[in-house]
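In what follows, structures are represented as structure tokens.
Next come two complexes, and both contain chain A; in the first it sits with chain B, in the second with chain C.
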Partner chain A sequence: MDLPALGYVILFAPLLAAVCITLFTLRHKAVSGAIAVLGMAAALGANVLVALEVFRSPAGFVSIHELEWLKVGAVTIPFGVQLDALSTLMALVVTGVGLCIFVFSLGYMKEEEGYSRYFACLSLFAFSMLGIVVSTNLVQTFIFWELVGVSSYSLIGYYFHKDSAVDAGKKAFLTNRIGDFGMTWGIILLFYTLYQALGPDQASFSFAKLRLLYEDEGAIRAVMEHHAGTLAAATLLIFTGAAAKSAQVPLHVWLPDAMEGPTPVSALMHAATMVAAGVFLVSRLFFLFAPYPQALAVVAWMGGITAFLAAALAFVQFDIKKVLAYSTLSQLGYMVMALGMGSPAAAMFHLTTHAFFKALLFLGSGSVIHGCHHEQDMRHMGGLAKKMPVTFWTFLLGTGALAGIFPLAGFWSKDAVLGAAHAGHVPGAAVLYGMGVLVAFMTAAYMGRCCWLTFAGEYRGHAHPHESPITMTAPLVVLAVGAVLGGLLSLPAGIVEHAGWMEHALTGVRTAPSWFPEAEVEHFHPLVAGIGTAAAFAGLFVAWMFFGKRAWSADAFVARVRPLHTLLVKKYYFDDAYLWLVRAVQQRVAVVCDFVEVRILRWFVDTLAAIHRWIGGQIRLLLDGHLQRYVTLALLGVVLIVAAVLVGS
Partner chain B sequence: MRDVMLLLPEIGAVAAVLAVMLADLWLPKERKGTLSALAIAASVVLLALTFVPPVAQGGHAFGGSFLVDGMALLLKRAFCVTAFLVFLMSREYVAELPRGQGEFYTLGLAALTGMFLCASVNDFMSLFVSLELVTVSFFVLAAFKRDSKLSVEAGLKLLVIGSISAALLLYGIAFVYGATGTVMFGVLASDGSTFENGLRTQAAAGTLVLSPELQLGLFLIFLGLGFKTSAVPLHVWVPDVYQGAPTPVTAYLSVGSKLAGFALMFRLLEVVSRAAPVAAALTPFLALVAALTLFYGNLGAIPQTNIKRLLGYSSIGQCGYVLLGIAAASELGLAWALFYLCAYVVTNLTVFAVIIWVARATKSHDIDDYSGLARTNPLLGTALTVGLLSLAGVPPFIGLVGKFFLVGSAFQKGDTLRWLVYVGLANVVIALYYYLCVVKRIWMRDARTAVAPAVPLRMKVALAAGIVALIVGGIAPQFLDRVTASAAAGAGIVGTTAR
Partner chain C sequence: MDRVFGEITTSHYVVLSALIFAVGLCGVVTRRNAVVILMSLELMLNGANLAFVAFSRHHANLQGQVFVFFVIAVAAAEAAVALAIIIALNRVKGGVSIDDATELRG
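So, the complex of A and B:
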């Protein structure tokens, strides 16, 4: 099969699965699960074939297939698939990690009532995400962007009988809407500006055409001369969409709450797919950001601040999934920071390795929760290492990878991010690099705390923990292999002779536009790696002193920094601030709107309807069955109509 | 001989009438079901006959009083489809009648013969006779259930109002003959010069205007034809007859008879609009009738509780939309009016098919008895929903396309008809209300009775085909549009040469 056909297979196989389940097999659990897994496996299979083709091609290879979907005046909106290094890699992450999670769900969701519904939603979600990945243009991306929003809503609110789950679904959806709103305007503004400046032939929604436009330095400089502000604004507005999906401060509030969904959903959404969409989009559109150092600085600082704030929050969580959620936030901050530092390659590299070990950790926590009979509080765990050996060892590998221990995957990608920060040129890059190192320390520390609380010591709960079935442990092992070997994807120049193939394959992304001064290739920097590793080990040491050896008392430490602790427990008061804002502003506007609608508009509409109903009633009475009256009416009508026209003309 | 060959479908129809009549005499009582098959087969054969070369090539016969052109062929095919569908859906209904099965199909085919002639007439005398052939058949069909008071009353009302409209029509024809000195369309249509007798130069402006007698004559003719199309003011029979007549007859009446009336209107319009002053005089008149019809039908439908009566008012409203296109008196308006009517055949017959089969189970035409239909029989519920939404003009169904372009053709007419455009749009909203009230009951209410209507496989296939046709036609209207547009463009090309 040729590439576009394979691309459509990747995109539509999960949708087909979702449709089949919804229409035919809702009552047959086993069949539904099998269909969903098959759909995902088909997508992965097609994806591997695509990868073999794409990664063997020279750097900058792109295959685009488009159908004309809408045509409004001179503007054409296509629908199609774009397969290049970036989308192939991202799709591999989604389908590969996704398949593991699908298989894991077979066992994890066994007891659930809405089993088929779950797999239908999961497949739909995978379809939406893949739609973003293979999209060829901004409008298509936006459509799938919204689909991700909808399907994530249905998955987060999966336990719809629980109020907290419903609220979490709503919160995720609404927070994302804020970002989407910005993104809509960003897309419109970008297109409109180019349309005004260059006319209908040049302006386009298509990534390839936009990129081509930005390659022409003279043309784009001319546009920027008159529209510098608008283009920068459009770029940043598009970034708000990415920031909301990738949960950057201050639009991060939805992600921790989204843990209300089933654990495999958390793994899928927060490791491999939804939150990665923002990072992916910025990488895809990096050429828009590149000419604007200010925009890049905003991105970098947003990422750095998110990384730091979220890492601190992870320390005060006792829910094992919440720890991982804040860890995800923090790692996303890393990726966004790398983007801001001008290195999409580092961001995508970290995204890929992170997808493996974070999915592993989430599924590991799912296995723990499953084993402890739906207990999520780490204070009621402990000593699980012996009872759940496979889960324990794989979780440990995941923790090591996340902390950045040599030679696990996380070490290499985190080093790439820190290296980018070290070499970066944005204002305050040195501070951001310092924060990055600090976050590395904190990451190791809170993950150490999590591991020791969960797996070491004596069991403190009341259930009878047991190891999970093979459908759950097998994906753990597969993902653990990824977490260990993921670094091989992109070993830095300096260690090996050539930069990793990913660097090579992502050239088209990294250097966009070609006239823009090339970012320097980050060689392996022993000092950066050394400092990063030292920070990680320091973090693990601190965690061990508190929770392993218990030489230091956590309670005593908390007592000493009480105000800080309160601040963290209250999550920096973000939720309270938003709530206040909603009550003080939105609620008052809503009261006015409500008055206008109920008292004025509804009255108007009701009256209008009542008038018509009354006339209808009168008309009905005209024809009451008496033939004499009918004849009179008819002849009177003839006379009146003829008279009216004759008089009128 | 060529003349006779052109009449092949009409000859076939008469032969079918005779065949059914004879078969009725010979067939024993328990085998009367064969008559239904015979009638269905006849409608298919007649459809095939319209494709036979001498007929399909078109031409005129009998000194120009009979004409076969693109529009006539299209309408004849639409009549065949109508008859086919009506016979198809009424097989069980008719089989359960105590007597007169043979007569039902005989009269149905006789009406079809009349409709065929209506599509091809080319002078006022044949027009009147053809129209009466249709009307008289329907008098009897409407009163077919002799033991039902409502049915007999329906027949009587149809007869009385029909006679009055025939009188108006004849009166109008007499005026036109008096003004122009001819009853031949071909002569009238030649280049408009024949109208000179009826035109008078307005001294002040120097423009030609119609003499009052010509104007009055044309108005009366159109009003008389309005009886068939259910246009105000001769619509008065519609609600009672729709409610009282046997449901298959109502279905036939609502589509076939209406289409016959419109066929004559199209033909006349195409003839008279060659003389610009005549067309100009007709436009405000037709626009007024269209607006009154729209408001009457759609407002009157709101308080109805009987589905057949509701569809009666709906049928008046639908007629208003076609008149809107006719008032535009342009080729575009004519093409979309044809399009709309072709779509209307399928839409309305889908709706009536559901009504026949629901009533067989519930023995009621009360709208409340349609509650929960989507659950008791999803196919019937979906078919009725799709049909009603298409009538209402909701996307993606075919009704939307027709309405959009009919209103659009009035819009293109410029400022003179701008007000009619707004009337058309306002009526879309009003109509939506009463159609949706039925749809709401179908889907959102619990069923009142436990009786689940069952339909035979034949009807399942027909209904599914209807649903698909309405959706496909709405998404890809270009196929039907191409047919109707070429029929409208080719209309009367042969006729101009006929003297």
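So, the complex of A and C:
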């Protein structure tokens, strides 16, 4: 099959599964699960074929197939698939990690109500996410962007009888909407500016055409001359959409709450796919950001701050999933920081490895939660290493990868990110690099804390923990292999001369215009790697002193930094600030709107309706059921019309 | 005969057709017996048919005559349906006066 056909298979196989389940097999649990897994497996299979083709082609290879979808005036909006190194890599992450999570769900969700609904939603989500990945233009991306929002809403609120889950779903949706609102305006503004400056032939929503436009440095500089402000604003507005999806401060508040969904959902959306969409979008549109050092600085600082703030929050969580949630926030901050430093390749590399080990950690936590009979509090765990050996060892590998221990996947990608920060030219790059190292230390420390609390010592709960079934442990093992070997995707130059097609996969991700200086992250920097590793080991050591050896007392330490601890427990008061904003500002505006609507608009409409009702009531008297009266009336009408026509002519 | 009545032109046919149609219409509007209304309805259709044929001859075009066949076919079907309704009406109301059937009220 040719590439576009395979692209459409990748995109539509999960949708087909979702439709089949919704229409036909809602009552048959086993069939629904099998259909969903099959849909995902088909997508993965097609994806592997695409990858073999794309990664063998020379760098910069791109295959685009488009159908005309909308035509408004001179503007055509296509729908299609774009397969290049970036989208193929991202789709591989989504389908590969996704398939593991689908299989894991077979076991994890076994006793849940609405098993079929779960798999339908999961498949719909996979479809939406793949839609973003293979999209050829901004409008198509936006449509799937919103679809991801909707399907994640339905998955986070899966336990809809629980108020907290419903609230979390709403919060995720609304927070994302705020970002999407910015994104809508960003897309419109970008198109409008290019339309004004270059005319209808040049302006386009299509990534490829925009990219081509930006390749011409002279032309773009000329446009920027007159529209510098609007273009920069458009770029940053599009970034707000990405920031909301990738949960960057201050739009991060939805992600920790989204842990209300089933654990595999957390693994799928909040580790591998949905939150990665923002990073992916910025990588895809990196040429927009490249000419604006200020925009890149905003991106880098937003990422750095998110990485730091979220890592600190992870220390005060006792819910094992919340620890991972804040860890995800922090790692996303890393990726966004790498983007801001001008290195989408490092960001995509970290995204890929992170998808593997974070999905592994989430599924591991799911296995723990399943084994402990839905206990999520780490204070009621402990000693699980012996009772759940597979989960323990895979979780340990995930932790090692996340902490950045040599030679696990995280070591290489974290090194790439820190290398990008080290070489970056953004204002305050040195500070950001320092923060990055600090975050590496914190990451190792909170993950160490999580591991020791969960798996070491004696069991402190009241259930009877047991190892999970094979459908759950097998995906853990597969993902663990990814977490160990993921680094091979992009071994830095200086270590290896040619790493074959896998390295090529990521060098193809270069998305900046060719005139933009590529950040130097390819070269292995022993000092950067050494400092990063030292930070990771220091973090593990501190965690061991606190929670392994228990030489230092965590309680005593907390007592000494009480105000800081309160600040962290209250999550920097972000939620309270938003609540205040809603109560004090939005609620008052709503009252005024309510008055206008109920007292003025509705009065007007009601009066209009009453007049019509009265007229209707009068006419009704004529229609008493005698057919002959109806005929007579109709005849009268005909006579009147004929008379009118005759008089008129 | 032509001497007595003059030539029979298209106008004559059209006037006759209008008269037949008007008679049928009066029947439909004024009579109370459903069977008679049905008959009046048929009269209206035939009035229209006559006009079709007249114009068909006038324009030397067979389309009007073809149309008449369709009208006759439809009229037959309509008569079958209407008679069935009238029989049902007779069973339910015990008569065929349409003053009794006034359920179709606004």
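As a convention for this text, the second predicted complex is superposed on the first by the 604 of 649 C-alpha atoms of A that agree within 3 Å, B and C clash if a C-alpha of one lies under 4 Å from a C-alpha of the other, contacts with A are read in each partner's own complex, and residues count from 1 in each chain.
In the analysis below, a residue touches a chain if its C-beta (ideal position, glycine included) is under 8 Å from a C-beta of that chain, and two chains touch if they have at least 3 such contacts.
These numbers come from a predicted model, not from an experiment.
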Which partner does A:L564 reach: the first (chain B), the second (chain C), both, or neither? neither
First (chain B), second (chain C), both or neither touched by A:G637: first
Check whether A:H626 is in contact with chain B, with chain C, with both or with neither, and answer first, second, both or neither. second
Check the residue A:V431 against both partner chains and state whether it touches chain B (first), chain C (second), both, or neither. neither
In the overlay, answer first, second, both or neither for which of chain B and chain C A:A74 touches. neither
Going by the contact rule set out at the top, does A:G648 touch chain B (first), chain C (second), both, or neither? first
More chain A residues in contact - chain B or chain C: B
For chain A, give the residues common to its interface with chain B and its interface with chain C. 619-620, 623, 625, 627, 631, 635
Residue ranges of chain A touching chain C (in the complex, touch as defined): 619-620, 622-628, 631-632, 635
The answer for chain C against chain A in the complex is residues 25, 28-30, 98-99, 101-106
Complex contact set, residues of chain B against chain A: 156-157, 160-161, 164-165, 168, 212, 215-216, 219-220, 223, 232-234, 236-237, 239-240, 281, 284-285, 288-289, 292, 296, 299-304, 430, 433
How about chain A: which of its residues touch chain B in the complex? 609, 612-613, 615-617, 619-620, 623, 625, 627, 630-631, 633-638, 640-642, 644-646, 648-649
